[in-house]
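Going in written order, the chains are labelled A, B and C, and every chain counts its residues from 1.
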């Protein structure tokens, strides 16, 4: 007994003393690029003179929590991700100014605060209503005409009447549930439609009102009516209960004509044999103007931990990702992302990514506003309201009322985060 | 079941009894099956591809060989490092248990054998602390461990040492309480005899008292062992969800919690997580049940 | 020598329990957000806002509901099982072990398994059998989610409580029951007049065990429902199955309101202290009666 115990104690002592640390730790929030990024980091480590390890955190909601736990645990990564001003305000003590880097000079969508660049845009991403080209053609609907709420509504009605003919379960695939972890789609992305769709790129009118806790009731009502339309024609099971996979799979297998998602589903679609050709339309939430563009932004940025002893190596890793052939190959071909840098000439292969690239080349894009909301506000506070609308527990006016009530808390939340 | 009073002849009664008994046995085993359904589903669906699962989760798998494929896939999945998580869980559980049993029994012995104001105070504080839910201390704990770790120069967050310290801190109250109750019953004469024979006090404890504590130690081991092995929130906060040291529950939740729900792999990963505990239970059933029941009654 | 033997326990206990406990009370009166280092002392503000936050109030009520359901069902099921496995049934040891097994598995893992059962197995089976009322998952329906979660908890916990009852039943002298049987007492009379009164003290134990355990539920809640689905309470969108422990975690960590979360945790603690004081009082009275 005694000998056993001393053995165990010795073991404990050894364990306490042998927790080695990797040189550079990258924290990644895009699960879909996890494998590609890890592979690139491993390859890179062979020649860089330091090790790069990647840790991916799945599902939006966990990320800032796990980052905080990592901070408390003294495990703060050298490179981590922020998704806008909300995150910037929380973490600004830990974010390095990277204005002098080459990558900052090669991009127009770095994370900028007061003229200084703090973030490396992970990718250009776009979302909207992805559609199945074959099914729309079969229903004789030209996607180019779907630029207003009325046009979309008419198309939905027509498609809904042709369910059997088209072999579909529902018109739209969109998921909202808290338990399915889908509030990032509704509370963050879809809600950006209200914040910035149809406005000139980077227009802050609605966002500034939001920061003061005010809503544009007319615009919000229009938007809510549009959301309600999507929900009414959605596959109800996926809508109130589905997760990311069900959301995407129904679309990929031709069970729905539309899917509310972004170009990041390209790799998921590619995994299906005989996946039909897909395209993108925007979010036509209004009849007042034509919405032809997509919601496109660099939604997340790598930031370098300013308090890390390895910050120079971390910057070098990011520099090389943009400057070297291997890095560019990783971003575009392996990870399937639309790069945000002028010096990268490669083009992505996925249908949706190509549409995003075309839209941004034409400048036919609207920004994402959700990053300006308080940290996690979209998912925690707005997400459940979308779910209620999806369940038909509330109607459009109540939705507007509840969002308005939540907005009233924003100034206090923003002030607390300053 | 009012068989005995009304019966005039014994034969029909025993027939009725027999039938009744069989009904009872069948009912009991149906109930048992119902309890086992979730486990059966896990095993069955761990042997299917994702497509098969989505077609029908209740039919038997067409090819049990798929189980091996899934296990290999899970083990090789970059987002789920089974072996290292298993090893971390094992190291943390075994070391914490050793430390808890040794330190708590030592402390309990001192507290029993010294009847003064301070021993009462310490004992009562420990007992009172059992009411404190983890949520009250969890947030300041990680903060404090970081400050204290910086101060003494040993990293406490994210390390084996730190989490073992936590388990000792959280596990000691109940363990001291259980040992305390048992040591009270050990006759003092035994120890006095050892003292006369020239044993030091420390040697008396290790040679005389500790061996006597074995049955109680089993209770303490089981109660703490099951808690530590399955614990989620403390490792989440102290080790971080994606740190260097990662226990099995953390690994599973990281793997299953991502929004890409591949049930074939998730179920296989839960199967792999449950397996060690169930195997242990099959071998040490008697001790485990006894330990858990005694621990709760005391 | 005394100090040396006590040192490890006292050191660890002070480090992880005593200091954080008092720090926590301090944090509950600040506006700490979990990251920033400069805190402002805000007095009892966090306690005041808590009781006007529908999310917290709802969470509190749901936790009470969940606790009541579980105290009743876990104990009823466990007692029935204990009667079954102490009767002269073939294979009763095997049954005992089987009912006990769910208890060995952690809540996180069980949550994922049951998520699969509720979302995939039950819905699909119901669809193929034409049982329309079950095709919608029980954990995405706000009227059934608490019951579904309780079902899992009963399944997990009943075997353990059963074992405590088994120990109590086996502690009753066999000749007592035999004597009653010979005297012509039927099963029901023996049960209510002898068995249950003899087991009174273990009922107290199991009631409080299930009470505190359901009240503190976290792991299962997080992995099974994560608080969903959304529901309405006092004109606010709330998460219908978010129990207190998860609410504390989300408030503090996901919403960056550590101060508020910590204040909720202190209230949580006070409730548990009250429950324990009641238990102690009942035990004291029992001892006096005996």
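Heads up, the rule we're going with is that contacts are C-beta pairs under 8 Å (C-beta built on N, C-alpha and C of every residue); 3 or more make two chains touch, one makes a residue touch a chain.
The shown structure was predicted, so the numbers you read here are calculated from the model rather than taken from an experiment.
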Please remove subunit C from consideration and report which sets of chains remain connected through touching. one piece
A-C versus B-C: which interface comes out with more C-beta contact pairs? B-C
Rounded Å distance between subunit A and subunit B, as computed from the means of their C-alpha atoms: 39
Go ahead and note the Å separation of the Cα centroids belonging to subunit A and subunit C. 36
Express in whole angstrom the distance between the two chain centres, defined as the mean CA positions of subunit B and subunit C. 17
Could you check subunit A for residues that touch two or more other chains and list them? 65, 69, 72, 180-181
Can you list every residue of subunit B that touches 2 or more other chains, as numbers and ranges? 99, 143, 145, 257
Would you mind listing the residues of subunit C that make contact with two or more other chains? 34
Would you mind writing out the residues of subunit B in touch with subunit C in their complex? 1-2, 4-5, 21, 24-25, 28-29, 31-32, 35-39, 41-42, 45, 53-54, 56-58, 99, 103-104, 106-107, 109-111, 114, 122, 126, 129, 131-141, 143-145, 148, 165-166, 168-170, 172-173, 176, 201-202, 205, 226, 229-233, 249, 252-253, 256-257, 263, 266-267, 270, 273-274, 277-278, 281, 285, 288-289, 292-293, 296-297
Taking the complex as given, what residues does subunit A use to touch subunit B? 1-2, 5, 8-9, 11-12, 15-16, 19-21, 27, 31-32, 34-35, 38, 55-60, 62, 65-66, 69-70, 72-75, 180-182, 243-246
In the complex formed with subunit C, which residues of subunit A make contact? 61, 64-65, 68-69, 71-72, 90-91, 93, 177-181, 237, 240-241, 375-376, 380-381, 383-388, 391, 393-394, 401-402, 405, 416-417
Tell me, which parts of subunit B touch subunit A in their complex? 78-79, 91, 94-95, 98-99, 102, 142-143, 145-146, 149, 154-155, 157-161, 164, 206, 210-211, 236-245, 254-255, 257-262
Within their complex, subunit C touches subunit A through residues 31, 33-37, 115, 119, 123, 136-137, 139-140, 142, 225-232, 235-239, 250, 253-257
